[in-house]
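Two complexes follow with subunit A in common, the first pairing it with subunit B and the second with subunit C.
After this line comes the complex of A and B, so read on.
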């Protein structure tokens, strides 16, 4: 089957899958409805300060798996819902940033710089429209790059990289993630090391489960949900609760000034904003394609480049960046939204998650089974249909559908979400904590899993306090087993050559790059973690 | 630069010590195969290699933090208040989970005092009402307790939030799915 045949099968898998309902005889598939539900839910979550996309993905996953089961038919509805959340949360985060100077998601911080001043000047709706237009543009551009690049990159990886090179590539990815996430290469390495150590407990090839200290509970290892949800979600809840506790009694009134003037986005506005959007979309996509480099950096870089350009081209009486200019919002939102699609390039082509959302997509795929993100997905077998490739094109279809929802109803829904600021974090976060613990239990069905998750939660909290980013921990936990497996196979395949990483030129280049990236990043510690 | 935190130095040294402990004590004592093993006449990678690589990452990270990043500005600190706060949160969660675990069986034992034929919680864990007691009470107390700690006072709103959360989660996870078990019903 050729590439067009696979694309068509992917589209059909989405639209001709199990029916949710029909309108005037036209069948609406469950997958389409799940993308829509996830997208709207994502906007709500993004617009709620204290919550973010990964929270929503974490708490939805066990419910989705319970509803759809573990069959391959569950993949597209579940992954479609998660993709919807990912996209919805990105635009939702701009709402409280613009209206209340409180970023709904961390990457919306830069949006406050111009969004809030615009709202204060009575231009809140226009600011929201600019944010939505820029976000949707950046996201769409990024998705197109993903659709084109991921298959080619995967084919190159499969064609040219053998087991030693793949081992080297995994080491390079971990080193790169350690170096770039959080601003401290040393702390990144510690986070990676702890993640690897955790995944190796209770596993191995010998009958004795290694590092289990003879304890029955540890002999089965830590379930992936306990590590991921513990460090990422419970740790974040503890940290947020601590911040809420410090802020108790300092509640700021949530008031939006009276709006005045033209609030619509006209064609001349779009023409004026377009260069800023295009530049930032490109920056966000390039940054998003690198595993581990988050949307916060993309937003900062997009904003800085936009500001430099704006200083040169703006009219004398026009506001500068930081004073409430639409160009500032456009530069930020296009950049941070362009990260989300491109972040899936390393996931789909290499099997390496680059951000928290990608972690949950991999977790969903791993829980359900039948789809293992990585270069093998893009094997265009001419004689036998490769079901994983159909799912991959189904995912691309889901992303396109989510973009269509974003362009059509996303703006209106987003602008109606201002009231979410009024939900107090102090009530919401304990409920999220119980929800997360319950979600872990229904998946693992043993209290031991909750204890593990709580332990990982405390670890995640301590890591955050010490500005050690928990994301490298989680990525290392996910990649740890495949690193060991690939190394074992490479060792055997090279005739038990202990220097297989150094006797192969491409693997050697990857190892040298790993060392170089740590040395380069280690020379410029920046001090704080996101 | 008065009072500059030296947390990076301490963190780095702690990580170095932990990595050395791993490499020289824990991993050799707690894995049955070494870094490389001879099996069926040929060498294979043993179970100790991967954890040793993990320890290597921690060791390297510890060295980088304690040597090259020990003097960076704005180093974080862990205050006693933070330790107390997270300890109280963890304790509340543990209390909530303990209530979840034991209240259901305890309620059955109390009911047995008034019944001629004794019941067993294990056999009732699929029965509506009985199977919800532990989760409802433990969950509601956990959430209400956490809200109260964060808001520094016990309010009706906190109690209501706990009750609503527990009820909503029962409605979401238990009512629609027959095969899902709420805590602690998979363990008893």
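After this line comes the complex of A and C, so read on.
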């Protein structure tokens, strides 16, 4: 079967899968419905300050798995829903940022800089339209890059990298993530180290459960769900609860000024915004393709580049960046949305997650089984159908469908979400905590899992207090096993050569780069006091 | 009142269908926890879940499947040993779990601490190479090794590693034995060229059919059904059988009526090629193999005792 054949099978897997219902004899597949519901749910979640995409993905995953089961048929509906959330949350985050100066998701912070002043000037609807248009454009561009790049990257990795090089590549990604997430290489390394320590409890080849200190509960290791949800979600809930407790009594303005003037987005506007969107979409995609560098950096970079350009070209009486200009919103939203497609490039082609959303996609694939993101997915076997490749193209189809929903109904739905600001965090956070713990118990069905999750939650809280990013911990937890396995296999494959990482030129380059990246990131910028 | 009637009618119909399918004295006193020692989504996991679904449909028994993976089934055995032995907790493992793996784990447990219930299917374990190696027979591989080529041999358990080592030793060649998690990882490794050859337990069939893979030898005492001309392990001087047999077991001391009823029910659905699970077993695992009772006890004890001999042979 050739490439086109596989693409066609992937499209069919989405549209001809199990049927949800039929209209006028046309059957609507359950996967399409799941993408739509995930997308709408994502917008709601994104528009709610205090909730972000990963929360929604964490809570819905176990519920979805208990509905759809563990069969290969479950993969596309579940992953489709998660992809919908990922995309919906990205555009939803701009709503409270523009209307109330409160970013709905962390990456929408830069949107407040121009969105809120525009709303103050009575241009809220227009600001929301600009945000939606830029976000959808950036997202679509990034997806196209993903569809083209991921298969090629995977094929190159699979045909040129042997086991020692793959080990080197995993080490390089971990050190890169340590260096770029959180702003301090030292803290990143601590986070990575703790993640590796946790995943190595109770696992390994030997029949003796290592690092379990003789405790039966630890002999099976920590389930991946407890570590990921504990550190990422429960830790964040603890931290937010603490902040909500400290902020009690402080009121935030929740009033939108009267709107006036032309709120529509016209063709000349689009033409004027287009260069800003294009530049930011490119920046966002390039940054998203690197594991670990998040959408916040992309938004900042897109905004700065846009501002520099804007100052040179703007008319003398037009508002500058920061005073409420549509270009500012466009530059931010195109950049942070372009990250979401591109950061699936390392996930699908190498199995390396770069952000929280990717972590949950891997978690879903791992829980259901039958799809292991990594270079082996893109094996275009001509005679026997490779089911994982069909799923991969099914995922691409889901992303395209989500984009279509985004262009058609996303804007209208998003503009109606302004009221979500009124939901108090003090009600929201306990609900999230309860749902997360229930979700963990549903999937693990043993009480120890709850204790593990709470323990990881405390760890996540402490890390946040000490400003250590918890994301490297989670990524290390996910990559730890494949790092160990690949290293063991490389060692055996080279005839028990303990220096396999150094006797192979490409692996050696990867190792030198890993060291260099840490040293480079750890260096203080010139001019600052030691 | 209406609800009560509906409930009563449902209960009667369930009871009637259970009796009509199979007149049995024993019924489980509650939902059955089905522990599965295999990763979600693979062939073995699918087999376990399909058996549960089919029994739910036929007998109205209720199953709660749960993954307890790791350490070749030993994690499952450790977890299961203290569970109630009234038939409400069973686990799906391979005979190797109660044999070599339990022996090597050395945690003070023997097969006598468990109740083997019934086997469902064997595996068509072969020594399989990628077509890219250019080898068409086992002798080609031996010749390549003697010509100085490093041979990477993928295995998915420690016991298979020992057998691979013996296989190399008998031919006078060195093999770089690579241990991976699960049969699919061997298949992926061989297909991607990370390994030259490896043990595969039936997963190779479509690839061999298509010409992407080659069955160099049977890793069992009997020939492969797909490639009957390939040499067997005894032909190659190794007196051990690498085949794995899927096995349902429960905690030790399970009452005979529970054990027999579960064994009979599983035998009925796995040996029926009309069922989804029967079709899967016929397609992927070379047909059903239902051993139970005293014969199964003897098989499990022999495997456990053989482990010592295998380890001794491999460390000579």
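A few points about this structure:
One rule holds in what follows: the second predicted complex is superposed on the first by the 522 of 530 C-alpha atoms of A that agree within 3 Å, B and C clash if a C-alpha of one lies under 4 Å from a C-alpha of the other, contacts with A are read in each partner's own complex, and residues count from 1 in each chain.
Simple rule for what comes next: a contact is a pair of C-beta atoms (placed from the backbone, for glycine too) under 8 Å apart; a residue touches a chain by one contact, two chains touch by 3 or more.
Since the model is a prediction, treat every value here as computed from it, not as a measurement.
By the touch criterion defined above, A:480 lies against subunit B but remains apart from subunit C after alignment on the C-alpha atoms of chain A. When the two structures are aligned on the shared chain, A:494 is found in touch with subunit C, with no touch to subunit B. Contacts of A:381 after superposition: subunit C is touched, whereas subunit B is not reached. In the superposition on chain A, A:216 makes contact with subunit C only, not with subunit B. The wider contact with subunit A, measured as residues touched, comes from B rather than the other of subunit B and subunit C.
When both complexes are overlaid on chain A, the residue A:305 reaches neither subunit B nor subunit C.
Within the superposed three-chain model, A:163 lies in touch with subunit C and out of touch with subunit B [touch as defined at top]. In the superposed model, A:445 makes contact with both subunit B and subunit C.
Residue contacts after overlaying the shared chain place A:187 against subunit B, while subunit C stays out of touching range.
Of the two partner chains placed by the overlay, only subunit C lies in contact with A:72; subunit B stays clear of it.
The contact surfaces that subunit B and subunit C form on subunit A in the two complexes overlap at residues 205, 207-208, 445, 488, 492, 496.
If you check the complex, the residues on subunit A that touch subunit B are 63, 66-67, 174, 178, 184-194, 196-197, 200, 204-208, 210-213, 238, 241-242, 244-245, 248-249, 426-427, 429-431, 433-435, 437-438, 441-442, 445-447, 450, 454, 458, 461-462, 465-467, 476, 480, 483-484, 487-488, 491-492, 496, 498, 518, 522-523, 525, 527-528.
If you check the complex, the residues on subunit B that touch subunit A are 7-8, 11-12, 15, 19, 22, 26-27, 30-33, 36, 42-51, 53-66, 68-69, 72-76, 78, 82, 85-86, 89-90, 93-94, 96-97, 101, 135, 139, 142-143, 146-147, 149-152, 157-158, 161-162, 165-166, 169, 172-173, 176-177, 179-184, 186-187.
Subunit C meets subunit A in the complex at residues 39-42, 45-46, 49, 64-66, 68, 70-72, 74-75, 78-79, 101, 104-107, 150, 152, 158, 174, 176-181, 188-189, 191-195, 206-207, 209-212. Across the interface of their complex, subunit C is touched by residues 70-72, 158-159, 162-163, 202-203, 205, 207-209, 216, 219-221, 367-371, 375-376, 379, 381, 383-384, 445, 485, 488-489, 492-496 of subunit A.
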